[in-house]
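Structures follow.
Next come two complexes built around chain A: one with chain B, the other with chain C.
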Partner chain A sequence: MKFLPYEDVPLYLAVNGKDGEYIFAENATLSVNQPLSISRQIDDNILQICEYGFGVDMNYTATNFTENSDFFVTLGPTDGPPRPLATSIRKIEKDSKITFPNGKHLYFSEDIYPDGHNYVIPLHAKSGNWNLTEGEAQSGYFEPLYKYVSSGPVEGKLNVNFYPNTGNLHNFFNITGLSDPNAYPPVDEERVTGFLGDFTFDNIYLTSFSFSLSPNAISQATASFNVYGALNHIDGLTDNYFSSNLYDQQSVPHGQNSEIIGTTDLDMDYPISFNYSMNVDRAVRYEAPNINSDSTVGLVPQRVSKKSSNISLSVEGEYINPDILSDGFNGKEANIKIILKDLNYQGFEDNSNNILNTFTCSGVITSQSLSVGSNGYLNGSINISQSIQ
Partner chain B sequence: MVDNNAVLNYEQSFYLSGILLSGVVNIDGGYSIQESPINIIGQGYKYPVRNGNLVGTFNISRYYIGQDPILNYTGDHTISGSINYQNKNFGFIDGYLTEYSISAGIGRIPVSNSSIVVYGDIGSGINASGNEPHPDIQIPNQGSISLNCEHYQTNRVTEFSYTLRIDRNPIYKIGSPFPVQVDRQFPIFQEAAFSLDINDAEATKIQEYLISPKQQDISIQFNNPINENEIETIEIKNARLLSQSFNSTSEDLLTLDLVYNGYINKK
Partner chain C sequence: MDINNTRHDNSDYNLLYNLLPGFGSSASFSSLSESITFGDNRSQRMLKGINGLQMTLNLNYNNIKDDETNDLIGFLQSQFYYDPQNYSNNGSFTNKRIEPFDYQPFYPYKLNKFTCLSYNHNKSYYNNNSISATFQSVSNSILSSVEPGVEFNSDISSEFDFVSPGSIENNSTSLSISLNDKNYIYDPNNYISKKVSSTLQTINAGGSSNISINHGFFNESFFSTAKTQHTNMRNSIYIDSPNDCSYYPYAPKHNNSTLNCRMFDFRPNNQISINNTPKYKSSNASDVYKKFNKYGFNANLSNLSLTFDTRSDIEAKRILLFLESHLGYKKFAFHFQSDYPKKIEPNNSRGKTPNGSRLAYFYCPEWQHNFIYKDNHSIQATFIECLPY
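Coming up: the complex of A and B.
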């Protein structure tokens, strides 16, 4: 294994069953995690000696230990009944120390994996000519390794920073897009598959898409996907993936020529920064797994449906209209259109397409703010929200 | 004109907003463009894209030979300028004065340096020539300059400099490569530095600053040595004496350098 440079790590995405694209992305992050919680039982780290040797009459008799001696003890309260080690413990390692009151110590003689039947266990005394009183023998503390249990499904995130191209946004980046144009009802819940380098995934779903614009600056978009199930590594998957026509994108969006239309109606003539985002809430449905099976049932969702989708937009400029939010009780409508453009070079191969893509937000103004600081200006900002499903 | 394959110094002239400027010693101007490479995962470099504002600079050094017309541009008015040579020119429009300094010493003509930031167009083919009148030529010397720094009455002031720094704040909007508004960023900074040959001057202890900082109004007045008419007066109100340093060398006199700072507010 070695570190791979970024130019050898492609990101490929496709709607399930369709042709995909190598993504014109600057960076991508893929993560998977599993929520786990520790399983504990009351007093599962307290060792009680009921009787030395194999329990017979459950009558504790203090016994002098011999230096470097191994012996068995029966666990449980002084007068019984015997009680095994707790099954919340995954493992007790050999030589783990058991601390009794008054500076007295015993040790586990071997590795123990509690299975619910460990009534008698081997212990070890490192020094001799001492014993445990009946009370002391009931209070030995030790540090086991505990079991952990899953408290939720295996999920992850794929975050991609990429440059939108000319033409329509790819379906896998478009929350309102349809991979099947004839789908009815017109809602797309199809999963997205792909790979990042040699790591493949086949159950990811778009949750957000956003981009921002600033004057005289390159604009990038960000897409976030929820990842379900496991990642797979296929050795050599991308060793020979490259050919010269995989990345034919010639333009990237830029703030120099891009337009925001509609802010003048909000009394804002000079938009200086802008954010646009589409988000979708998803409901994930799992089938209960069969605990006697090693299948992936329960690991991968049966269906990931869309709940609500929203577009939100914020724009910052030189002014806000103080009457906007006091006009009425149903919200002030706002219609904003964003035309993403490249640098529109003339007689040049790259960045000469002018218009790349158009986005709209027809919603209501949900908030406005004014801010000013020393060495700055009074800036106004407006937030607009549109519910689309 | 002789075809000498070079443009000699006497074949160049500099116009500042229509004034043919005299006394110019040195001019440099130009621009640089910031580009970022588009590097993508899975491939690497694709092409470069501009990622920054279009900004140029011009620096002018000239003898102080009378009222300096560039001091008319300490406000929000824009400056144009061009170097004209052999029916060609290299110039700029929509420039703003960002720094002006003047320095003088015994036995030499005062020199001024101006820095201009350009938010408009800059390059060849931009001509700022015109017929605006040049201010009268009046060359001050050490006898016609008066000032009032600490210890000036009993110690010889041998050199001084004055600097005015005006930071400019351009505001760009989405969809335009040029700023929609350019403002001075207040406060405007002033600095005056004096060098004295020591007679009885002493530097105050640094800890005295904690109790009583040195503060005074500073003025530097340039007069015409022939008729003693005032050419220009520079003032720093409530200037704070912030730096004092002694200089002792084996080959020269003991000197004391004083630096004052001041600020000009908008209101």
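Coming up: the complex of A and C.
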């Protein structure tokens, strides 16, 4: 057991079947969970002794127990026919106590894993010279370990905060991007694969991407993926990642040179911050296996489709046209373009890109606000929404 | 109005093989029977012909693409396409019949003939569709059900000897034993079972083979002889590979005797609702004052709606095969729960019914199987109590 520091747990993402990239991540969280239902059946914690022995005849005869003795009993109601242990039980542990009325106890003498055929089981008496009446033998109470059953697939989330450090936003971070430019319909539903440290995943799908920018601040992006299927651990998978381009000099988007174009149409001359986000609703399709299906059918999705996708943008600035909503019945149009740039230092020759990426939002204004306080200036903000795909 | 499908020949039923329904699909079974009820509430039931056990599939295809939708809807619509009339010499039209198609349902069912008379197409978003379809089995004969009854039937069941530890000899003159690693064999004199732990063994009539048996907590000795329902004659109407299912192969032992029907040894959920509707007759001499009389000697016969949730693949298959082999009208015995039913005391008949015993008998005219998730099945069944004679 050892603690793994940040620098030893890289995040790598790739569109299925293609080369991927190490992500310049500030932090990443990977989680999966599985819905489970407990299995419970009628009288599954009640032990009924039908007969002492293997079930040759169905006459109950009260038998005196001997101290520290093992013996077999056939289970079921008096007179039979025998009935096996409930299949809702995963395991009955050896020495589990069976409590009968009037302070009488017997014990299981072996671990038992019920399979629907346990008509006869071994029990143990710790003390001797006593017996169970017919009525008492029908009322044993015990506490087994119950089965849990998957009621749905393994699903989870990968959340990552990272620096969009290249000029191109990888299409696995771009909801409208296409991994195959010739695809038709031009809606990319390809799965993303990768690993976080030595833990690999094969079926993740982007659900949201967002970033914000303000003057004199580095921009950080947040992405969230839906995770399907199991995680696998491959020992030593990331042992050699130090030689990757993640350790090259990096350029990150910064508010100093980045531009927001289009706010003047909203009477906002000096935007002071903005937040840009893309979200997509996804629908998952699992197939129910038939007798010819291989064992993976039903465990991983056959399709994760895109449904409603939206871009939302919020901008804060020094002023905002108060007539927007009155002018914009059925939606006041707004077109905002964001040009994301790095600091573009002179002499920083290794990785100075200037323009990193351009984002647009051509939608309608959904809300606006104006606020002022005794210790500040009048501030305005607007929220713009665009439905795509 | 027919869907536009340019990819395939719509009548190609292979389209159905490429698209599996999702979890939540279900199969319903119901028997078509006639019943005679006598004064003591004894009933006699009889199927209406050899096609008296019907299977209906309710299939859900969620979140499928436009081209897949076109394939499926196109195929289902093609069953009703207009064809030029071909008038034959005997005065009939030859092309009016809706031809059944082959379809492989979900686990554990086998390929069968179906027809689809009802389906619904719901488009929820661009390139996202859902189809629900009802497939009705066509002309399946109950004569296809070859399953041993309560007694050993040498025509369909086999008997074998253990000639030495790990080696068995098939005593049958015509049947081959087909044992696999899911099967159990039972001692002929008691209720000890042992699990077969070797892979599939087919032992021809009169032949012998090595076989591995899991002894569990019993001693190493083998039975000298045993009977088994796992033969090449065994067959099911709707379920694939019935030889995966093992049951106690002898007449159930009860009160120093044996039953004349099989035991249903599966337990319903621990949350049950027992609805009591005793039979009675009311006088109609006056609308205001009525007298009520007990109707028949056995007025308290139950009608149970039981749920068997969270069942594994193999247990669901065992339940479904058991119910199918009773064809919706044959009776079986069933231990309901520990506080039902009450035993008749010979000297105290007050409050009892003449048939009262600790054992109750039922027949199951209808049941429904829901495929919840992988290795998680739910079965709802209607059990109607009947008299043992």
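In this section, the second predicted complex is superposed on the first by the 257 of 389 C-alpha atoms of A that agree within 3 Å, B and C clash if a C-alpha of one lies under 4 Å from a C-alpha of the other, contacts with A are read in each partner's own complex, and residues count from 1 in each chain.
Methods note: a residue touches a chain if its C-beta (ideal position, glycine included) is under 8 Å from a C-beta of that chain, and two chains touch if they have at least 3 such contacts.
Since this is a predicted model, take the numbers as computed values, not measurements.
Which of chain B and chain C touches more residues of chain A is settled by the count: it is C. Within the superposed three-chain model, A:Gly255 lies in touch with chain B and out of touch with chain C [touch as defined at top].
In the superposition on chain A, A:Glu110 makes contact with chain C only, not with chain B.
Using the contact criterion defined above for the overlaid structures, shared-chain residue A:Tyr6 touches chain B, although it does not reach chain C. Once the two complexes are laid over each other on the shared chain, residue contacts for A:Tyr163 go to chain B alone; chain C is not touched. Across the complex, chain A meets chain C through its residues 37-44, 46, 48, 53-59, 74, 76-84, 86-88, 110, 115-122, 138-139, 147, 149-153, 185, 187, 283-293, 297-299, 302-303, 305, 307-308, 389. Here chain A touches chain B in the complex through residues 6-11, 22-28, 163, 213-218, 241-242, 246-247, 249, 252, 254-260, 269-274, 317, 343, 350-351, 375, 377, going by the rule given at the top.
Of all the residues in chain B, the ones that touch chain A in their complex are 36, 38-44, 46-47, 49-54, 171-177, 180-181, 185.
For chain C in complex with chain A, the touching residues are 20-25, 62-66, 104-110, 124-128, 184, 187, 189-193, 195, 217, 240-241, 246, 248, 252-256, 259, 263, 265-272, 309-312, 315, 318, 333, 335-338, 343, 357-359, 371-376.
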